[in-house]
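A short write-up of the structure that comes next.
Naming follows writing order (A, B, C and D), and every chain is counted from residue 1.
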Amino acid sequence: MIKLNCDLGESFGAWQMGMDHAVIPHIDMANIACGFHAGDANVMASTLKHTGECKTEIGAHPGYPDLAGFGRRTMHIAANELINLLHYQIAALEGMARAQQQQLSYVKPHGALYNQMMAEPQILTTVMEAVARYPTPLKLMLLATQQTGLHSTQAKTMGIELLFEAFADRRYDNNGHLLSRSQPGAVLNEQQIIEQVEQLVQEGTVTTNTGDNLAIQADTLCVHGDNPESINLIKRLKQLCSQK
Amino acid sequence: MIKLNCDLGESFGAWQMGMDHAVIPHIDMANIACGFHAGDANVMASTLKHTGECKTEIGAHPGYPDLAGFGRRTMHIAANELINLLHYQIAALEGMARAQQQQLSYVKPHGALYNQMMAEPQILTTVMEAVARYPTPLKLMLLATQQTGLHSTQAKTMGIELLFEAFADRRYDNNGHLLSRSQPGAVLNEQQIIEQVEQLVQEGTVTTNTGDNLAIQADTLCVHGDNPESINLIKRLKQLCSQK
Amino acid sequence: MIKLNCDLGESFGAWQMGMDHAVIPHIDMANIACGFHAGDANVMASTLKHTGECKTEIGAHPGYPDLAGFGRRTMHIAANELINLLHYQIAALEGMARAQQQQLSYVKPHGALYNQMMAEPQILTTVMEAVARYPTPLKLMLLATQQTGLHSTQAKTMGIELLFEAFADRRYDNNGHLLSRSQPGAVLNEQQIIEQVEQLVQEGTVTTNTGDNLAIQADTLCVHGDNPESINLIKRLKQLCSQK
Amino acid sequence: MIKLNCDLGESFGAWQMGMDHAVIPHIDMANIACGFHAGDANVMASTLKHTGECKTEIGAHPGYPDLAGFGRRTMHIAANELINLLHYQIAALEGMARAQQQQLSYVKPHGALYNQMMAEPQILTTVMEAVARYPTPLKLMLLATQQTGLHSTQAKTMGIELLFEAFADRRYDNNGHLLSRSQPGAVLNEQQIIEQVEQLVQEGTVTTNTGDNLAIQADTLCVHGDNPESINLIKRLKQLCSQK
């Protein structure tokens, strides 16, 4: 079964973002922001209340220390300092989760950190090391690419487990990369999303921009819940993913 | 035996504060800042390295979210939000400590939060509740006052243990309050500090500003290590406190 | 003529708040957040673009340095430090306004600072002193109360001008205070708002909670524009206020 | 005459950095931090008090919004957003300076922003545009390199003036770059610093790592004042620079 994961707890102080309350009942895995790019202690506690009620699996969603940039601006941070930043955020969420009788099970880096981790092997190694050295065993969520095997081998060496995620709403090219948003057809409409997810669930492949089939080995599918339409779509995708 | 406790890990980024490396070998309990009023993930990791090497007992030293004010400015924060702020900070430090094979054993609030907790019963109750609801059993450090019995009773009701601290370098009045710094003789010199600590260790009393004896029930003594002189004094106080 | 003022530029980074673009054409005075409780350099530049296009009068809306609390949490800040915090924020907005060929004309403190200023004479004096010492002549906006005369006299002594604002959507008591939100009838519905503003514009009075008439000397009316309904109401109030 | 410039006002809250009070009487130009990488409103006001007393020329020293990293971590910020960040910081300092009857005369970017500006022409163009669009005419301080002519031409086109700075304490290579700190002899000792500055003042050249002479066209020399020795050196360099 392919699980649905969603970035949550991205409000901050008086600012609301996302429809967490409406989304949580329909997803399997909640990636919870940890206060550096979004989320604050109150938002985290409130999000955990919802995931506790829905028995949703929870993961830490740590990012760069950049509230004003929402963690989307690339920052160059030394490896040992990045490990500390990750440990701090994961730990803060883990303790707050334990205070609500919940256990953290994975880590999914956010925004620019996620992108850099997928683009630069040194940063991926640093992130893996952070997860490996964290005292609670946690899985690390990465983008499902054609390097899945390579990434799994590295993770095994470092003693951690990986989770691979696919994207429902983006067209892939034949190398397994997401087509740049600037290219026509890169972002899928609702019907295309449903078709892509059906194919992924039933056959483990996606249809690329050239019409070819490409195998994608995904444990989970990243979805977004920012408005009522997207929540209806999440419900539909949940059905599709539960069929197998 | 009266233990020595000291506020540590109060550097931030490029800014140094305190002589942690020199102090840690001579104290028993390290109150480690958690990133809100001072400390950052790198400072916390570095402080924990030292406490790990010296096998120092460690506690969380959480404060108000006010770096520019060093947590010394009173803030009015709703009770449930204060609990979340405390949990976040305690949790961040606890996870980082566990990553270095260390266990957190207590909480000592910082600065304005500490002062408000001692002055306003509602805030003390909120802090106690935060500690009680935190999933790892932790003690709470308070100022030793004439309300020690009352505080212990309340703590027992809430299911937590307390630690009471005395001050080495301040003159007490007959009500067990510290004399305001604005009054003559409020801050003790080195010889007076040594006399006060000797008396506290040997007889469990201090000599007040009127020359009377006052009983102070203290588990620990708060010391400061900002310069070479203060570190020599800490060594001397450590000897005094170890005699009994 | 009573002018409409509205708090604006309260988005931050990726977080949207308010419908500034829709509100600005219908108000007279824009109170622009300066980055401490809300707003950031990009939001400020964008808000100024709109006020420039609409030739809206602009004022600085400085607050406590407390993003997570949206400047709504009381903080105790020393007088000289509060002056510096106010100067910094006013100056940041003024320079950015000048970069878009706009001139700042007033200051309206935000949130907890506004409330403390109205409740504690010492803080009002400090705020007045900050405005008086700022190098560009700026007016200070206060709540219109029964102390209006007293406040005007003090302001004159300090060499600054005041603007008094009334609230459209809140019931007053006979002392000219706003009824606490916890009391029944404290928050007016749309019809009551329109009646209160008509009366204020036509007769310079409001009907208090006991049904009596109370004179309110207001230069401006504070309105809010968070949703399409409130924007329609602003248009209606603008008509009412322009009649005289 | 070559002027001495120094980064100042880099304390933050309770954390001290630098010996500003001792340095200011001996330098010509104070680069004042603006609150994003260091400095806060109180530190800025205090630094301005000193520069006012010494009639020191003052410039804004803006950096990335990264207190924990002291503005030394590279961040990727979109051009229009970087302009806003620069305007905000420059404006905050300018208004506070005007409140103390002082005028801002130049801008020197800090840390990673300075390095990126010298390494990436697009970022230099963005910084120049920010200065050009700022409503008060300000000069921009750059590193004196072999591109000085090119940079001057570009600045002229954009309507701004440049200031070029040299480094007293670093060995240059034949391309006019500073030798990397990792190379032997890259950082000069006190005697070498004095020789380099004498040569620069007398002949407008430096002796490179191969023993050759290289012309450096410098308006100002960057000095540091972190300890009593460095302040004595500053006094000596001030004498050397005043000779011609």
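In this text, a residue touches a chain if its C-beta (ideal position, glycine included) is under 8 Å from a C-beta of that chain, and two chains touch if they have at least 3 such contacts.
Computed from a predicted structure; not experimentally measured.
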item: Contact-richer chain pair [A-D vs C-D]; value: C-D
item: Chain pair equivalent in interface to A-C, over half of contacts matched, among B-C, A-B or B-D; value: B-D
item: Where subunit C and subunit D are represented by their mean Cα positions, the distance between them in whole Å; value: 40
item: Between subunit D and subunit A, distance of the C-alpha-averaged centres to the nearest whole Å; value: 42
item: Shared interface positions of subunit A, touching two or more other chains; value: 68-69
item: Residues of subunit C that touch subunit A when the two form their complex; value: 11-17, 38, 40, 67-70, 72
item: Footprint of subunit C on subunit B - complex, ascending; value: 65-66, 68-69, 73-77, 112
item: Touching residues (chain side subunit A, partner subunit B) in the complex; value: 35, 41-42, 44-45, 80-81, 84-85, 87-96, 98-99, 133-136
